[in-house]
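When the chains are written out, they are named A, B, C, D and E in that same order, and each has its own residue count from 1.
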Amino acid sequence: MFKWIHKFGSPPFVYGFSKALSPWIGLASLGLFAWGLYLGLVKAPPDYEQGEVYRIMYVHVPAAWMSMFVYVVMAISSAVFIIWRMKLADAVAEASAFIGASFTFLALVTGSIWGRPTWGTWWEWDARLTSELVLLFLYLGYIALRSAIEHPQSGARAAAILAIVGVVNIPIIHFSVEWWNSLHQPASITRADGPTMHISMIIPLFVMLGAFQLYYAHHLLVKLRVVMLERDRRTKWVAERVQNGKL
Amino acid sequence: MTSVDAVLSAIDLTSWRGETCVLNEVSLSLSAGQILQVVGPNGSGKTTLLRTLAGLALPDDGQVMWQGNNIEHDRSTFQSQLLYLGHKPGVSGALTPRENLLAFLHVRQASPDLTQLDDALDALALGERKELPCRWLSAGQQRRVALARLVLEPVNLWILDEPLNALDVDGIAWVVDRIEEHAERGGMVLFTTHQPMPLVRRQAQQVLLSEVEMSS
Amino acid sequence: MSTEQETPTVGIWQVFSTVFVRDLRIAFSSWSEGLNPLLFFVLVVSLFPLGIGPDPRLLSSIGPGVIWVSALLAMLMSLDGLFAADHRDGTLEQWVLSGQPLSIIALAKVCTHWVRSGLPLVLMSPLLGVFLNLPTTALPVLVVSLLLGTMILSLVGAIGSALTLTVKQGGVLLALLVLPLSVPVLIFGAAAVQAVVEQREALGQLALLGGGVMGALALAPVGIAAALRVGVSSGD
Amino acid sequence: MSTEQETPTVGIWQVFSTVFVRDLRIAFSSWSEGLNPLLFFVLVVSLFPLGIGPDPRLLSSIGPGVIWVSALLAMLMSLDGLFAADHRDGTLEQWVLSGQPLSIIALAKVCTHWVRSGLPLVLMSPLLGVFLNLPTTALPVLVVSLLLGTMILSLVGAIGSALTLTVKQGGVLLALLVLPLSVPVLIFGAAAVQAVVEQREALGQLALLGGGVMGALALAPVGIAAALRVGVSSGD
Amino acid sequence: MTSVDAVLSAIDLTSWRGETCVLNEVSLSLSAGQILQVVGPNGSGKTTLLRTLAGLALPDDGQVMWQGNNIEHDRSTFQSQLLYLGHKPGVSGALTPRENLLAFLHVRQASPDLTQLDDALDALALGERKELPCRWLSAGQQRRVALARLVLEPVNLWILDEPLNALDVDGIAWVVDRIEEHAERGGMVLFTTHQPMPLVRRQAQQVLLSEVEMSS
């Protein structure tokens, strides 16, 4: 078991693996995007209350979900890094921070755009909106802390501690709509007694979610390679790769 | 450079700072009763080496062993046998010498000996100032407060980074005596200094660090 | 030589009380410093009527929020230097190397911080409540919510303070790290008081805060200790 | 030996620009630090709706006050370490001994502080105004009032920062000294914005703030210099 | 102890700290080309004396005269002829050695000589590190940055408080050379150190401060 982890956790292996896989994942993600957008923007019926506006949901909801998902990935890999000293896990966390912040930003912007016609305001100090904003600050804090500490190893560990501590905010974001009666939609898909939305609206949503997930995987694999090269620049395997021109 | 009966040993320590390799596969070992002086010009990595040996800084490669175990695996056993005094003396300016020392003693000993504490302060010519906040003390007096711990905490291994800085002639003599005494009792001392230091009774071994070249 | 048997092991309680007493002594080595966070709290609360205007209805409707936000800022302000002095003079290195559990030492430092910053602010809050026209029935809840809330803020804030140890102007980065984590505290705390003002139950919010104290007490010291270890190792 | 004729005298402008550029370089030596006061401002503004609740009418009626109080606190926070680093590493001693007018050096340091803390906050304020539902007509006045107000706060705050140089946890004492002095700024600044919100003239308040800037520019540097001299001489 | 051609002289300086008289009617004088070492054990008031002479601390009694005028009356003339380096080196950790030095030079000279600056850094073995933030430098390297000012700022009077602290053998030799050179060119040097210092070409006069007794 330990040997297995060791092999699949070794940088040269991960590097090669990522290099082989990332183009295919990228392609798959593109394909799902095209399909999801077609289903969502063309095939799905207009909403009986909101008309066509609701279609922004197909970006907003996956982006909002991904913003939380990426944070959880970051927190888990940080924990793995702290407990087992696995450097690769930290590389995953580092590679996730920026894309996670971008998803959060996207959710905020699309939510805002959606809010204008439906609630009549760009921004509302409502619990879910605020906690999503707080999540953005958490991401920014993570990135700032990492860059503010000069010794890379220390920066990595400090950032990992922050990521783990910050994970308490995730349930707060999810349940905020129930705890405070707010403007925002209550959970209509992720609820215990099944979704309340029509199936023809839900399928495109999940296709889009798949596209987002694959895009994240693609981005992660590419970024991981950059991070690994940067960190292991003094090791033999990087030197060999540079020599063979196989970056 | 490792010996069989070594209590503390470092194996191939390597430390990078930025693009500079400050410690390049440094190995050393220290056994009971030994005094080791780390020698090298300014910036050759002495402080980095001592901090790594104390477990305050992590090496990029290599390991530090205490009684055969990696110090990272059993930190508290190692640290309870270690006294490290670095460039920063660890003396709070708001507290008196006595309060400063008492805090350290109480954390490490169930019931520290108070008369011993007063004796130590007297020996270091701080007797009159033991109730004065340390921020009012002179540079040398502050260092003396930190050095008083040498006779108060019964540990095996001393790691002292330039303990003679800011001390006057009497102070230096006192520290040198303590180091020799400690080694005679079977303790171990690892230290640096740029001053010519007359170790009368025992000879110090030396580890030489060479100048650090920046790879550009 | 073996000196191990000469030193009987030191109990955790002795470690805690030594560090606690030492830090209290430093904190109150001049009386003005002991009082400072409290005065800051009072000043910030009294800024609001100045910025917003003296309309009493408006003031009482924002009262709970203002008191809570000010408390949070006062705590934040006092968190800034929590470990800085110890780090600068090298004491922190000595704690890390003491061979004793660092989380106990960290907990002791947090306790001092709370006694110095949180407690006076809790004791002062009823007066400020009256000042901002809160109904007297809301004052007990104000006190209890601040009591629990400031404890959480001390504990969680100390993690941030430890993380920003080696950052040059850590103060503002500290705020960036700690504020997101303290938002839930602020929301529940202010909501509890607001609930009583509007004559509703506040037990739910208070229970959540209490749970928060428990959780933070259990987890934060370990986090602080880990962060301090990192800070000390990341160079002088 | 007489080396006096070897050294041509140095113009005041060169002294100013040397210190100004040096401090800017330190301030922006990492990007995150340059951004920090701004982030703090944004964070504090967004705390209020959390504490007070989301009612938009309430929020817009306290909006000018909240933005102004937050700006004041952000400035205060960043004032804390204004001279601390220079004092600790001995640079301040060197400035005092430079033989050049200390008030010019002090003014240069204040200018850096304003560029780093005040200016970004002024530029960001319209966005926060929108967030808090201020009418768009009020935004220009918000910007101008903050522009003038933050200048006064930098200048006056620096006196406080210099006075608390040798105080251990200067942050809160600094707040105590500076807040009373900055109350008039807060009152006129917030009142100017409030006036426009209520569709009245704001010129009077802005003129007063402008006068304040003039007065502070003339007097504060001398005060700061005197305070720094005292701080440096009162021990290491 | 005053001489007729004294350029700097102190008359009956008295300084109290708390209930202790740290300087008790100390007088001294310094004329062109003279080197003066203030000698005394830890806590005898050397730093207090040097800070008072530089105008950084005010004496409770007595006065400091520069070319016959009290320094408090004409500060800027005095200070433009003074270089004071104290226990704290005045080096900002966020700036590189070059930036640190340039700021000081530009404040005191209309157009400082940049090649001279680079030469000085090379002579102090900082050439490779002149673009590194000073907080990354070792203790001795940071002190070297401050000491580079000795050859960059053409002033008459040097007041150096333990300039040899943290320096290695080469560094010490460099400083000693500079001090002797400065005196030969007619400059004045007032310094303290606890290290045995071989002044080869010129003899340093000594001012002896005795141990400070606390009056209780």
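Operating definition for what follows: contacts are C-beta pairs under 8 Å (C-beta built on N, C-alpha and C of every residue); 3 or more make two chains touch, one makes a residue touch a chain.
The shown structure was predicted, so the numbers you read here are calculated from the model rather than taken from an experiment.
Of all chains, the one whose CA centroid is most distant from that of subunit E is A.
Pairs A-C and D-E differ in how many C-beta pairs touch across them, and the larger number is found at D-E.
Taking each chain's centre as the mean of its C-alpha atoms, subunit A lies 48 Å from subunit B.
Between the Cα centres of subunit B and subunit D there is a gap of 44 Å. With centres set at the average Cα position, the gap from subunit D to subunit E is 35 Å.
Among all residues of subunit B, those that touch two or more other chains are 58, 87, 94, 136. Shared interface positions of subunit C, defined as residues touching 2 or more other chains, are 85, 88, 168, 173, 176, 179, 183, 187, 233, 235-236.
Shown for subunit A are the residues in touch with two or more other chains, namely 130, 137, 140, 144, 148, 150, 153.
Put simply, subunit D touches subunit E in their complex at residues 1-4, 6-11, 14-15, 18-19, 22, 25-26, 29, 85-86, 88-91, 93-101, 105, 232-233, 236. Subunit B contributes residues 32-33, 54-58, 75-82, 84, 86-95, 99, 103-104, 106-111, 133, 154-156, 185-187 to its touches with subunit C in the complex. On subunit A, the positions that touch subunit D within their shared complex are 121-126, 130, 133, 137, 140, 144, 147-148, 182-183. Those residues of subunit B whose C-beta lies close enough to touch subunit E in the complex are 17-18, 40-43, 46-47, 87, 125, 128-129, 132, 136-141, 144, 162, 165-172, 194-196, 211, 213-214. Residues 29-30, 32-33, 36-37, 39-40, 43-44, 47-48, 50-53, 58, 61-62, 64-66, 68-69, 72-73, 77-78, 80-81, 85, 88, 167-169, 171-173, 175-176, 179-180, 183, 186-187, 190, 194 of subunit D touch subunit C in their complex.
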